[in-house]
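Following this line, the structures themselves.
Next come two complexes, and both contain chain A; in the first it sits with chain B, in the second with chain C.
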Partner chain A sequence: MGAIGKSIKRVDALGKVTGNALFPGDINKPNQTYAKILFSNVPHARIIKIDASEAEAMPGVVAVLTAADVPVNEYGLNNMDQPVLCGPGAVKPYTDRVRFIGDQIAVIVAESEAIATRARDLIKIDYEMLPVVTDPLDAMKPDAILLHPDKGSNTFGHYLIRKGDVSNAFKQADVIIEAEYRTPAQEHVFLQPEAGIAYIDEEGRVTVEASGQWVHEDQHQIAHALNLPLEQVRVIYPAIGGAFGGREDISIQIALALAAMRLHERGIERPVKIIWSREESIIGHHKRHPYIIRSKWGATREGKVIAAENELIADGGAYYYTSTKVLGNATLMCTGPYEIPNVHVDSYAVYTNNIPNGAFRGFGGPQGAFAAEMQMDKLAEALRMDPVEIRMKNILHTGSLLSVGTPIPGQVNLEEVLRQCALKAGWHETPSGWQLKASMKNQGDDGSKRRGIGIGVAFKNIGFSFGYQENCTAEIELHGDAEIDQVILKHAGAEVGQGAHTVFIQMAAEALDVPIDKISLIASDTAVTGNSGSVSASRMTFMAGNAIRGAAALALEKWQNEERPTVATYTYLAPKTTPYDPHTGRSEPNVAYGYVAEAAEVLVDVETGELKITKVICADDVGKAISPNLVKGQIEGAVVQALGYTTIENFIQKDGYTLTKNLSTYVIPTVLDVPDEVESIILEFPEERGPWGARGMAEMPVLPLAPAICAAVKQATGVWFDEFPLTPERILTGIGEFEN
Partner chain B sequence: MKPIQFDYYAPTSVDEGLDKLTELGYDGKVLAGGQSLIAAMNFRMARPAALVDLNRIPELAYIKPTDDGGLAIGTMTRVRRVEQDAEVAKRFPLLREVAQFIGHAQVRTRGTFGGAIAHADPAGQLPAISMAMNANLLVCSKTGERWVNATDFIFGPFMTVLEPQEMLAEVVLPPNPPRTGSVYKQVSRQKGGYAQAAVIAIMTLDEAGACQNVRLVMMSVGETPIVSEKAVEILVGQKPSEQAFKAVAEAVVTGEIDPATDLHATADYRRQLVRVLVVRALTEACERASKGG
Partner chain C sequence: MDQVYIRPSHLDDALEALNAYGDRAHILAGGTDLLVRMRHDGIYPEVILDLGALGELRKISRDGDDIHLGALVTHRQIEKDAMLAGEAGMLVSACHQVGSVQIRNSGTIGGNLANASPAGDAVLALYLLEAAVHLQSKHRDRWVPVGEFITAPGQTTRRADEIICGVRFKRLPPDAAVFFEKVGQRQAVTISKASAGGIVRISQGCFQECRLALGAVAPTIIRLPEVEAALAGSPVSPQVIDRAAALAAATCHPIDDIRSTVAYRRHLVQVLVHRGLAAMVASAQSA
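Let's look at the complex of A and B:
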């Protein structure tokens, strides 16, 4: 007992700080070859012909693989709409098209990376250029060029919510706020660009060691494309240098596996290794979806929001990826953590020739939360009401009906979360309601510098759900005679830097009541570990904890029955959920939620447009902090990532070409750009479905920061910014100091 | 990427280094801190056939006070050392102020004072500072040495008067007269990132409080750092005033700078920054000067 709720040393810390941990790029095998992938480098075209003869003839080139070499030329996490290699020769129609600059055309395997690179540049491609569409609004028009002609439309996702009667409610509203919000793309910039090595293992399996977020899903997609039985494919994760959703989809894995398999078939038993450069990484994997959100909300004089109408358009980029899942979250979160009686939402995901968009920490939540929180702030302004006060009047409580017509599951303590954040940030409760203390209203008089403060609140689901049966498997072995001497925990959950493996071990120790140092973990290998589901959607502590608890109970029972060694496997199945009803949107979408409130203080230089975030306060209901330090690390990391999203990062694509292909042009916050103060308030209101009460928490602090910062900037400058990033130039233009 | 193949020499004395440079001619290139050169080589924007590494020549790294109250800084002196040196802080507080904006501590620990000037990056702080401070640069070759004023040293982006067989050996900073105030102002997207625009102002007041001399230098808004002539024209001999500073800013923005648009900022925004930063820098320089510098 007592293994959870304290901050033990991370189990991966020593390896990572000493350099002993092997990341994919560090793994070398005897006699390995090196691969390069040829990208299309054009945003939309039909490939007439690929001439790889010169490349193939080059000394040192081992193989050049193209579309014709791919057994089943398609893949995709939610929908297999992406060719593994684009080009003529595949059975599937339209596989000969490239739809964004990072589409993969050929895998070149050679004796060295330099040779592979030179050979890649010798491949000649005959293109028939196609019109490029990059604005989702254009792509939705009936006469737009279709990216996937077989689908009949560029709009590939649509959800709706119809609750109550918004048009009638608008008639009763005392104030109505209408606005159009635009949120930007964001690049993950995980520390470790994509890399991996593939080979045929001792049991003849096509084996890929690379980074990812879900070994079994990678295995599934590789097996599908290679037309192999699942058990003929093995995926192993070594140390992973960050993920943030950016490794949920396939990047290099299928290309590597294909190369290893084809070499093997040709009698060449050599591993294939690849390391992407930062530029390849930025072009080669998806981004956070840019959203256009049109909102019309109405409230009564008393501050009760009675109607919310939202239209959301997500730029999906060239392929499906997780767009519809992200859209599902945004659809739910675009009305905020509020109980609103009349809701009308329409949301769309649209193909364009931009880099595909997909999973990124928050997964649709930040986009939805931005619109919702901005709407609340503007309603408060119109009603001359304090922003905390108006939120308190509408906030979700236990049993509240969600926009989808069903009650929110579990205990909801969001009011308390907001209260604690607001109090710490400088609000107080007065007889006439919540007020910002007078001392905080001072806009500052330091010449051109203006101060402001803003606050936001959000909820975010744990797990993908919306009908998906959440599951997670753990296996526990107990060794020893009279006493348990050694425990082996087998779990597929990926350690992407968040500390999952440390938390798994803490939870196993707690469940088995053995000391932490008796537990060893075997992780993330499809040949050894059961399916855990993805490390994403803030789900892994929740799901893994339940799985480990189940496996531990079984194991202890067997131990009591003197089964030695004891082996127990348990698959946790979370309570059922339901998808959006296509006509009303009604659903029981999720198993559980996490809750967060954030306040931001800013300093704006109204002459240069510079924006500094001086302080962030984050109150986060995590249910139970299995490791408080890791929770704090997640909060602080999320704050910095959200700060980058809101202020510094600016991903620029033009006509389908990416202009910010490296870190000198795609600028992210460094340690020197973090706020002077980030205060984490960790709240523990137990979630009854979670292990020891734990909820998920890793994404939540990303959600309300952008709107909180925009509210602070409004207080400082008097101007609402409905679009970010808040670059100095945008701020200056917005406040009319300067015309561009 | 990796650089193309190159030869590498590590002389241990200035003479040996100069011999090598003469021998190599256009094939040779000096390696100082490598913070710009190695990156350029990795991107294959620089393709020297041979490097002459000055890091093993201890006689090139020093900070020596000069008799007139200035400083002589050996070219291989690390920027970090300049930043932390007490004598530098006393004589030229501006240098410490500026150094903090140059990349990050790691970059400054390797990067050299002279190397940065020889690199002549239009977005680099030290080339601009050397011009603002009226530095004299000692250029050596096997056949002799010559002194070049910093303003004449740089004539284009990454272009200096250095010949391939020459090396920059020393940077001499003349003393500031009494009642001199100096200031550096910049705006960048990221701490430690290159400036979108920056302004250096060094102002000397006479005993009556009029402007006796002013050096106003803009960087990142043209192909080289730009020394303002308008500032001298408008301010020298006059009592400093907000109005005059604004007039300088306007004259600089309309007549002296030529900013470019890139992914980080438009030319118009850079003009706006210069407009604001010139006034701020002059105002603060004047304040500091009136307090004695």
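Let's look at the complex of A and C:
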């Protein structure tokens, strides 16, 4: 008892601070070879011919693999629309095309990385260039060039929500706010670029040690592309240097596995290793989706929002990735955590020749929340109402009907979350409602520097759901005689730096009522751990906790029955959910939610346009903080990542080419750019479906920060910014200081 | 291809080696530029001549009003030097704003000069100080004014057999007011979108000597002779400062690139020069 709710030392701390932990790039095996990937480097073209003869003839080159070497030349997490290697020679039509600059064409295996690199540069590609489409609005036009001609359209995802009657409701509205919002792409910048090593293990399995977020899904995609039975493929995660959604899709895994398999077939029993440079990482994996969101919302004089109409267009980039899932979330979140009687949403995901867009912490939530919260702030302004007050009047409560026509599951305490955040941030409740204290309204008189404060709220789903049966497996072994001496927990959930393994062990200790130090974890190896699902969608603590609890109960029962050794496996199946109805959008989309309110104070230099976020207050209903320091770490980390997204991170692509391919051009916050103060308010209103009441929380703080900062900048400058990042150039143009 | 790596312990040996290898050799000081270029631009020097063991080039020394910085003096050394803040304050500010502490611990003044970046921070201060660069080869020994040493982005008049041994400048008089300010994409580890620095002396309500320099808005760091001339002798007044700032913005030649735009850079020059002049006036008047 008492293992949870405490901040214990992270189980991976010692290895990571001493350098003993092995990240994929640190793993070396005797006699290994080195791989390099030839990327397309052109955004749209058909490959007529690949001439690798010179590369193959180069001394030190072990193999050059191209499309013709891939057994089933396709992969993808939700839809297998991406060739493993682009080029002629595969059976599947249209795999001879490259659709973005990071498409992979060849894998070069050599005695050293330097040789592989030089050999790569000797490969000649004969391209027939195709027209490039990078603006999703252009790509949606009927005459646009099709990225995937077999699909008949570049629009590959569409959801709608029809609740009530918006056109009638607009007639009743006293104020209507219309705007078009644009949110930018964002690069994950995990510390550790993609790397891995592949070999044939002692049982003859094609084995890949690399970083990812879901070992079993990687295994599945590798097995599919290599046309191998699942059990012939093994995926192991060593220490992982960050993920943030950026490792949900395959990067190097299939290429490595393919190389190891083909070498083996040629009698070459040598491991294949790869490490991507930062530049390769930046073009090689997906980004956060840029969204265009057109909103029209109406409210009554009393501040009740009665109609919300949104159209969302997501730039999916060249391939499917998780676009439709991200779109599903954005569709739900774009009307905010509010009970609005009349809702009309249409959302689209569109192929373009940009780098694919996909999962990134928040997963459609930040884009949706940006539009929703900006609309609320503008309605408040039009009604001369306080931004907290208008939110309080519309906020979700227990049992509220969501836009999708069904009640929100579980207890909702968002009002209290907002209350606590608002009080800390400088609001107070007066007889006439919520008000920002007069002292906080002052823009400041420090020369060119103007102060401002803004606030936002959001809800975030836990798990993928929308009809997908959420599941998670845990296995527990108990060893000992009269007493339990040792516990082995087997769990596939990836430790991507967030502290998942620590939390797993805490939860196992709690469920079994044994001390933490008796528990050892075997993690993330498809050969020994059951399927846990992905570490994403704020789901892992919730799902793993339920699985561990189930396994622990079963194990204790067997222990009581004197089964030795005691081995118990349990698969948690979350309550059922339903997908969007294609005609109305009606659904029971998710199992549970987390709730967040966030306030930001800013200082704007109206002469240079520089923006400094001085303070962030973030209140999160996490249900139960299994490990409070880890929760705080997630809040602070998310704040910094969201701050970068909102202010300085500027991913630039032009005509399908990436201009910000390294970290001197794609800049992220340094320690001097983070707020002087981040105050985390951890609230614990239990979620009945969560383990010990826990919800997920690691994405939530990302959602309301951009709109909160924009509201603060509005207070400071008098100008609404409907598009970010809020670079000085954008701010000065916005306030009319100059034309850019 | 094998790479030759040499790390002499005496300047003479270094000069000897450079004489032998000429432009096949690449000089390594702190490595903060060279290593990036080796990785990024794929340059692969045949010979690397590491100056790291030349302790004689690591010194800050003084001779009367003359201050001498050895080429291997790091940004951090300058930043932490007890006397330089009073002798050449904007050099200290500029070095303080270079990269991060790690970069400042490695990066050298010689490297900053040789790199000849239009956005170089320490170099901008050297333009204001009208420093002379000391170049030595096996056969020659010469001093070149910094403004003549740097000719274009990445281009200098250093000859293949020469090592930058250091720079020399005069300490500023006690009544000189100085400033340096840069704006980049973030608060640290950032390349200037624009930077500005200045030195003024004020007496009897008028600008006397006045020097201004800008970074990242022309192919090299530039001084602003027209603005300096317009200010010299003018009364200290808001109008004069406004005009000087506007003139500075008009005379620079910024470009659009991935980090910023012509319009913003020009605007920034106006703001930075304005702020700098106002701050120098305030500090001169309070002294």
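Definition applied: the second predicted complex is superposed on the first by the 740 of 740 C-alpha atoms of A that agree within 3 Å, B and C clash if a C-alpha of one lies under 4 Å from a C-alpha of the other, contacts with A are read in each partner's own complex, and residues count from 1 in each chain.
Definition applied: a contact is a pair of C-beta atoms (placed from the backbone, for glycine too) under 8 Å apart; a residue touches a chain by one contact, two chains touch by 3 or more.
Only a predicted model underlies this, so the values are computations on that prediction, with no experimental measurement involved.
Partners chain B and chain C clash in the overlay (superposition on chain A). Of the two partner chains, both chain B and chain C are touched by A:E729. Of the two partner chains, neither chain B nor chain C is touched by A:I236. Once the two complexes are overlaid on the shared chain, A:E737 sits against chain B and chain C alike. Of the two partner chains placed by the overlay, neither chain B nor chain C lies in contact with A:I275.
Look at A:P669: by the touch rule set out above, it reaches both chain B and chain C. Once the two complexes are laid over each other on the shared chain, residue contacts for A:A600 go to neither chain B nor chain C.
In the superposition on the C-alpha atoms of chain A, the part of chain A touched by chain B in one complex and by chain C in the other spans residues 607-610, 648, 652, 659-660, 665, 667, 669-670, 672-673, 727-729, 732, 737-740. Listed in rising order, the residues of chain C touching chain A in the complex are 40, 100, 183, 185-191, 258-261, 263-264, 267-268, 271-272, 275.
Chain A makes touch with chain B in their complex at residues 114, 277, 448, 607-610, 648, 650, 652, 659-660, 665, 667-670, 672-673, 727-729, 732, 737-740.
Contact residues on chain B toward chain A in their complex (touch as defined above): 1-2, 104, 187, 189-193, 196, 263-266, 268-269, 272-273, 276-277. On the side of chain A, the complex with chain C involves touching residues 607-610, 648, 652, 659-660, 662, 664-665, 667, 669-673, 727-729, 732, 737-740.
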